[in-house]
Every structure is written in C-alpha cells, then in structure tokens.
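Chain IDs A, B and C follow the sequence of writing; residue 1 opens each chain.
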Amino acid sequence: MSLEYKITYHAENQYENPVKEARWQFLIIPHEEEGQKVTATHFENSLDFPYEESTNAYGFRTLRILAKSEFERIEFKASFTVLKTAVNPFDFDLPLDPPEDLKRYQTLDFKVEHEPFLRKTPLTTLLEEHAKFFEYRGDKTVFENLVDLNQWVYEKIFYTPGVTHVNTTLDEIVENRHGVCQDFAHLFAAVARQFGIPCRYVSGYLHQGNGYFGDSQMHAWTEAYLLDVGWVGFDPTNNILASENHIKVAHGKDYSDCAPLKGILYSRGGNTTSHSVQVLGQQQQ
Amino acid sequence: MLARVANNLFWMGRYIERSEHIARYMHVNYFSSLDAPHEISRSRPFVLNSMLRMAGQPPGQDEEELTEEKVLFKLALDPSNPFSIISNVRYTRENANSARDLISTELYESINKFYHFVLKYPADHYIKKGLYDFSVNIIEMSSILRGRIRSTLLHDEVYAIILLGVNLERANQLIRMIDAKYQDAKEARASYGDTFSKSFEWTTLLKCMESYDMMRRHYKKTPTSLTTLEFLILNPNCPRSLMNCLNQIYMHIRVLDNSFRYNKNSTAFLVGRVRSEYQYKYIEEIEGNIQQFIDGMLRNLADIGTKMENEFFHY
Amino acid sequence: MASQENTIFSSYQRDPSLFDELYDDKGEVKRIYKTLFNLYGAHSIEDYMRLNEKAKSSFFNQGITFQVYGDKDTQEKIFPFDLFPRIIDPEEWEVIEKGAIQRSRALNLFLWDIYHEKKILKQGIVPLELISSSENYLHQMMDVDPPGGIYNHISGTDIIKHKDGKYYVLEDNIRCPSGVSYVISNRTALKRALFGVFNHYEAHTVTNYAENLLDLLETVKPKGVDSPNTVVITPGMYNSAFYEHSYLAKTMGVELVEGRDLYVENDFVYMRTIKGPEKVDIIYRRIDDQFMDPLEFRADSALGVPGLFTAYKKGNVTLANAPGTGVADDKAVYTYMPEIIKYYLDETPILNNVHTYHCSRPEELAYVMDHIPELVVKPVDEAGGYGISIGNKLTKEEIETVKKQIKSNPRKYVAQPIMSLSVHPTYIDETNSFEQRHVDLRTFTILGKEREFVLKGGLTRVALRRGNLVVNSSQGGGSKDTWVLKQ
C-alpha cells in the first residue's frame, strides 16, 4: 500500500531596510530513499529570482537563490509530491542477550565508524546529572531501551511553541520542561549518544492527519543506529516510531546541520520571517 | 582585475589628487593674500572662508570659528575631519593597501612614506609657522606619486583606472576652484576698469592650478576673467585644463572599454559626449553664465563617476 | 682588522649553561661563523647602530608591519629585525629538510586516513577521543577526496636546538602557517644594509618560494582544468598577516581576493572583475575553516564565500590547505608524531619530538601536577603562544592557578619538559650591544602531487626579552635572516 503526500512549504521574509544582495539556501526537498519517492517538485519566489539546485556538505539536496537587486520583502513557495510505502517499523527480531547486545556498541571499531553521530555537539550536550534521570536498563535490549527513552523524553518535555530558540541549551530545556520538536530530538540524541548509541537528528515533514504534535512547521525527530537492523526512526515528540507519516528531508548531528533556511544578507537592521507547512495525504491504490 | 580593487585604485587616484589640491589652494591663497592689492583679498575671514569653501566645508559662522589656526588645522591635520589632508592621505594609503599586490613596490613605498610624513608632522609647528613647509612637501610628494604611477606601473588597466581617478578628481577640483575664485572675484574687484574681469583673484586662480607661468607664456598679457577661463577650461595643451582632463579621461576609459559599438548607456559614451561639447566651445558662451557652467560641469563629472561605478565597480 | 677591544663583540657575554650557535664545543667560534664574526667585528658600535636604524626605517617605509591587538586599539609595528644572520651548514640542513618532508608526508597520510578508512583510530594507535573532541575534525570532510590527495599543502614546522645540540620539533603548523614573507624581507633588508658580507658566503636563495608555491598548487588543480586560475584569499587588510597575503599574491602574480569578491554559481567559484565573472580553480586560503563558508560553518562569517564548501566537495575548486586539516595541527596530535610516522611511512622520525605528558591520562596528569616548575604547560588548541605557562618562571600562587586550570579541564592541556632553546648573538637596542637571545626556526614545506619543496632558509625567530623563551611576533619576538649554506 502506498500513500501520496502533497507538501507545501511557504516562507515570507520582511526586512527593516532594503537588502542589496542576498543568498538563501533551502534544505526542504524530501530525501529520496527506500520507501520514499519524490514525484514532483515546484519552487517559486515572489521576485522571480533564479534558483539553482545543489547539495549541502552531507549530500542532501538544497535549493539556492541569489538575489542581486534591492528589495524589502520576499515570499518563497515550494511544493512537493511524495510517494511513501507504508512500513511496519517493528518488523525485525530483537537480540536475545541484552548485555551482549550493548557490548557490541562498545568496540573501538564501532565507535570509530560511527564517530560523527556519537559526538557531543553544542546543541546535544547535557550535564551528566540531567542525563542520569533516564535509567538505561541492562536487562533490556538496546532497542527496548530506546523505546523507553522515547517515552521518557515525551514525558519530560511539554510541547510548547515559542519558549525556546536556537540558542537555548538542552540543560535549560530539561530544567524548564518546555520545548518544541527540535528540543525533543536533541534531548533524545544527547542521551542515546551518552550510552554509546549512534543517533542522528532528522528534519522533515509530518503528516498530522492523526492528531500528532508538530504544528504546521517543519518537524524534527531522530534516527538511532541498531546493529543488524540499521537506522531506526524515533519521534519523541509524539512517542512513536517514525512511520509512513514521517517524510524525511535531511539528517545531521543536530539542528545546525539541518536548518531548513539559511540566509546570507547584505543589509542592516532586523527582519521578520514566517514559515508555514502543509501536508496533505491521500491513500493510493 | 577585481571590481572591488579597481574601485579602490580609482579612489586612490582621487585622494592623491584631492590632498594636493587642498594643499596648493591653501598655500597659494594664504601667501598671495598677504600682499594682495585689494583690501578684501587681504582680509583673514575672506581668505579662510575661501579655503573652507574650496574644501567642501561650510563657511565659518563666527570669529571664533574663523581663527587662522583653527581653519589651518581643520583643513590639514585634523584627523576627525574627513575632508582634511591627513584624512585624504590616510584614505590614499588604505586604498593602496588593499591593492598592494597590484601596484608596484616603489609606488607603495612612496605612498607609505607620504603617509608617515603627514602622520608625524607636528601640528603646533604647522599652525604657527609650518604652512609653507608642509604644503610644499604635500605638493612635492604628490608629484612623486604621480611620477611613480607613470613610471613604475605597466600602462594597462590598473594604470588606466588610477589615472581615471586622478583626472576626474582634477577636473572636479578645478571646477571647485573656479567656483571659489569666481565668488571671490565678485567680492574683491579690481580698482579700475572692468573690475570683475581684472580682479587679482584670477591670478590667484591660475597659481592655484600651477598654471600661471604657462598662461603668461601663452597670452603674454595680464590675466583677465576671459583669458584665465579660456586657458583653464578650453585649452587642451594646458595640462591642468578641464579639456585636458576630459581628453585623458576619454583616453583611459577606452582602455577599459574599447568597443566602438553604439551604446548610449556606457561610460565611454558619456565621456565622449561631454568632451565633444567642450572641444568646440567659445569661452564667451561660458563666461556669460559662469554659475551655470560650474553647476552643469559638476553634475557631468558626478554622472561620469556614477556610471563608472555601475559599469565597472558594481559587484 | 680592528682590535677586539672597541668592536661590537667586545662586551659579548656568554652564559656557559646555554647552547650558543656561534661557538663549537671547544668554545671556539664555529668555522661557518668565523668570517662573519670577523666582518661584523670590524664595525664600530656607531657604524652598527646606523645600519640598524636604516634597516628599521626600510621596513617601516616598505610598510612591512603587523598589527598588535591591544585593549584599546590596534597598533602598527615593525617586526623587529636583527642584522646578524643565523647560519646553518649544509649537513645540518639536510637533516632538517628531510625531517620536515617526512613529517608533512606523514601528516598528510594521517589526514587522509582519519577522513576515510580511519585505520589508525580503529587500531587504537592514536586515541579516538583525541580526534573526536577536536572541533577541527570536520564531519563535512568525511570521505571527501581533496584534489591530488593533498591536505596540508603548506606546513610550517617549528624547530629548536636544545642544549644537547640536537634539533627538536615543537609544533607542526598546518592550518595557515604565516611568516614566509618575513624570510624574504629579512634577506632583502640584510642585503641592503650589509651587501658586502654576501661576497664571502654562498647562501641559498629564498626568493623562489612563491614560484614553487604556485607550481606545486597547480599540480593539485581540479580535474578537467588545463590552465588553472589561482587566487589568494585574505580576511582583509586589517588582518595581522595582510602584508604577507599581498606579498604572496603579488609574487605569484595572482589576484588577492576577499570573500566578497567571490561567489558560487552551480557549484563553481567565480570572482567579480571589472569585466564580469571569472572562474577560480585554486584558492590559497588564509582564512580559517570556520569562516570559509557561512552556509556550512559559522553563519555570521562575513569573510567567507557562501557555497564554497560544496564547490570544493564536488571537486570544482582546490582549497589549500584543505578544510579540516587543523585537526592534525593540534598539540595533542603532535605528541603522537613518532607513532604516526612509523605507522604510515614505516620510518623512524628524522627530527626529534619533545616528550609530552598528556593531562588527559591520569598517571601523567599526576606527574604534571607534581612537577609544574620543571614543565611548560600548554593549552592544546591555542595558537600564537597564548596561554603558555613556563614552570620555572611562575610564582607559588601562579603554580596553584595553573594547577586549578588543568584540573578543571585536563584534556585541554599538555606539558613538556622545559626545553632550553639555543641562543644566538643578537643586537639589543637598549644596550647597544650584542647579547645572547633564544632562537627557534620555522621552516616552510610545500606538498604537491608527488612533489615537495622546502624553502632553503626559514624564519629564525628571536625572543628579544632576556631569558624569554616565547618567540612569537605577537609576544615581543624578532627575527633574523637565516642562511642555509651551499655544499
């Protein structure tokens, strides 16, 4: 069975002073991977600046715009059609011996191979005492522990838009217990990495037909590496495993590798930006 | 050549020329005023205001502002005044710095020496008794820079850009001096005959443009408003004349844009147009309405600058 | 010959505990210095002072200056220059040259490995933590193949001679090593002031650096480019090394650009010229990784070029040095150099490493804590001599402060025995005489595809304050012309 999604991304930037030159990079195109196929893309901006396609440093597709004439306001609109195959995220066998399972994550070879996604980045650094609140249980498999972690993060933070920003530290978030999907994903990644489980931050779209959290912005979740299985998606904001409702755009060590919009401006003064995302789904025969 | 660097070299040329003209104007006006025939020409506020006007500064409001020491300092060594000689020399060096890989070591060393000379010049000595020494040094050092530009740089685009700056600025300064002296001549009239046309200020103007000796050789007569203006505006053989500057500008812009395709939006087109107009002008047409000429020409020169910026330096 | 009584060496005092480059082990002036010693000895102090002043003003007029960042404003200063050259004989130089190449080659292989198969880490020869905790280990560079397989095109190796008469490497600088322009301007200044002495010696030229740099950079041009267009990128004229950037661009005959002069379109790099865009193929980079591309690294960087990294990753432009090279510049990696050389080249190091204690290892940390007065403590990630504590110069309170600093973040510090840098006669303005001052030597190595070049000469840096061991220009150091004699 497959599902077709129509995704619309909209952004509007308003600048206090005229901008003389600007360059934007969008990381919003759904990623082509198993079970996820992009069948149509469309992109436009209100000033008709030409755009080009490229990739970011990690190989994910980007859209870039170079603006060379003066302006104060610009609107961007992108739409994508994506075909997803429904999958059962639990479709694998659990290891039989949990302590042996964890040991395999602790070999030097494994650590070297997965080093980037075991790193503590500024956004995934947590004081030890905060990480300790989550207890890793030796009698459970790595996967089962991650499912517990998913729930722990879900219960730890109350989904509240507007209280955190890009520079809020994870420790502040744990103490204040409010945040958005990025914060959930960072907390999950920070704890998983502390136990030696490679974990990456994922940015994408969420189909909200089922009443999930994630408002009308881009969504964030995580992928953890399971030996013998591969990367498995966890969405701690909704306490579920990533499924056909999750449309991945890119992954990285944390948000800073996956920011949907980056702009380099030659202007002074402030600006306001608003984004919105709409995901419409419909079952295909 | 990088557009940004070309812009810097263009301005380097302009600043060199600008500092020299300020120095020369101060020098000539100050010293010729000391024994000027007309009382007004000798009066301090008159001379000091003329200097301020030429450097693009508003005239002094009261006696407090118009003291000799204050004005001399403000125009030459005041680092907080962006129009002062020291600021101009600093900008010259900054622009040269950013293009250091393109200009010759010899030119850079001379600019650097020039900068350190101005930087180290004792201000109290200068305002009391150093005006002559200081201004003569500025004038000489600027000539050295022009010599270095001519003789140590390849005569290619870099050279053309610098000389475009030099000549555009020279034309600009010339018009400003004509403006300042035209105002002065209206006030300080001669004592007999056509008092305006025979004003002592015309001689001063020629000296300010280092053109007095040349002019005397050419006309063999005492300068009048008509002969002075004819010489300084229309005579292409006078190296300081507007016509000469326009010819130079035209020649150098052709190095950057050698296409003869009809393009009315190009800088070369505009330069050619202005040049052609003045090539075949009578001085009487200008002398009849000097103010209109001054305003029009300043506008022309500004337009050429803007066009150059858009065509070559815009990045 | 003037009598020794009134000459510039008559008051030269030698501290027997220091290794003086001028003298052999019998206390005689070395053969290679003999002629120079006599020539200089023939000058009176007055002559010498005059020459010294001339040399100074020559630097000042040429605008060969650097900025010192102060609390209030930055000051323009000349790099103090000493008229008495340092001489290195051909046999000693051969060792230095081979040793410098060996280190650069080994570091290059190390960088390739840690950005690809990571064998040295998997085998535990270099600890993973050492690399993974470094912010210069760029995730973005994983599995990227730099053109020609070269990461550290330009290396500056800091070498000293210890009191045992042997050369030791103190640091391998492979981010953006600077100083090469001073090597050349020192030679020029010395020639101007004392041309006569060159008639008695045959020293190798140092003016061939730029041509070799350009040649070797062109060996690693991007694929499919016939005659590459090379540029030097600088942070701008207010950077302390701007003179060097402009010098290199000028002598290579290439454009000196700033970030704003370049832009990326369809993953190719172009510069904005008066005639429109011009493609750029090789960039000799004098801006740090973090400032190079605001789309991939620091977003607030106004020095970089948006999109540059992807253009590089796609093989459309060469960056020298390659991004991510700084990870091997770390002082903690330095301490593994003998292992790195052995691992990749199966050779023993030609140049010695100074023994290093890692504060990240508990047993070595304990040793360091107990022996601070005998050690130099350095932060592993600071350049320019900042943050270095020299044990025997510290008061009791200062020792306690250093201990506290180490304890708060042991990973950040390494310690080494206090090396006694050799000394060299150096003219001192304040006393108008020659005195012993500590010196080191920075050599410059360029790696190309299957070719390398070491500048025969180098920057001999002098610690001008008596007894001071830190020779950086930002810390009050001067420099000398350095002659490598021909066979």
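Rule of thumb we're sticking to: contacts are C-beta pairs under 8 Å (C-beta built on N, C-alpha and C of every residue); 3 or more make two chains touch, one makes a residue touch a chain.
The chain list, named the UniProt way, goes like this: A = Transglutaminase family protein; B = Alpha-E domain-containing protein; C = Circularly permuted type 2 ATP-grasp protein.
The structure presented is a predicted model; accordingly, all values stated were derived computationally and were not measured.
Q: When you draw the chains as points and link the ones that touch, which shape shows up: line, ring, star, complete, or other?
A: line
Q: So which chain is farthest from chain B, going by the mean of the CA atoms in each chain?
A: So the farthest one, by centre of C-alpha atoms, is A.
Q: Approximately how many whole Å separate the CA-defined centres of chain A and chain C?
A: Chain centroid spacing, chain A to chain C, equals 42 Å.
Q: Find the geometric centre of each of chain A and chain B from their Cα atoms only, then give the gap between the two centres in Å, rounded to an integer.
A: Here the centre of chain B sits 62 Å away from the centre of chain A.
Q: Taking each chain's centre as the mean position of its Cα atoms, how many Å separate chain B from chain C?
A: Computed from C-alpha means, the inter-chain centre distance equals 47 Å.
Q: Which of the residues in chain C end up touching chain A in this complex?
A: 118, 121-122, 124, 128, 131-132, 139-140, 142, 263, 265-267, 294-296, 299, 306-307, 309-310, 313
Q: Under the stated contact criterion, what part of chain B meets chain C in this complex?
A: 1-6, 94, 97-98, 100-102, 105, 108-109, 112-113, 116, 157, 161, 256, 312-313, 315
Q: Tell me, which parts of chain C touch chain B in their complex?
A: It comes out as residues 60-63, 232, 236-237, 242-243, 246-247, 249-250, 255-258, 260-261, 271-274.
Q: Please output the residues of chain A touching chain C within their complex, sorted ascending.
A: Touch list, chain A to chain C: 23, 25, 52, 54-58, 64, 66, 108-109, 111-113, 115-116, 118-119, 253, 257, 262, 264.
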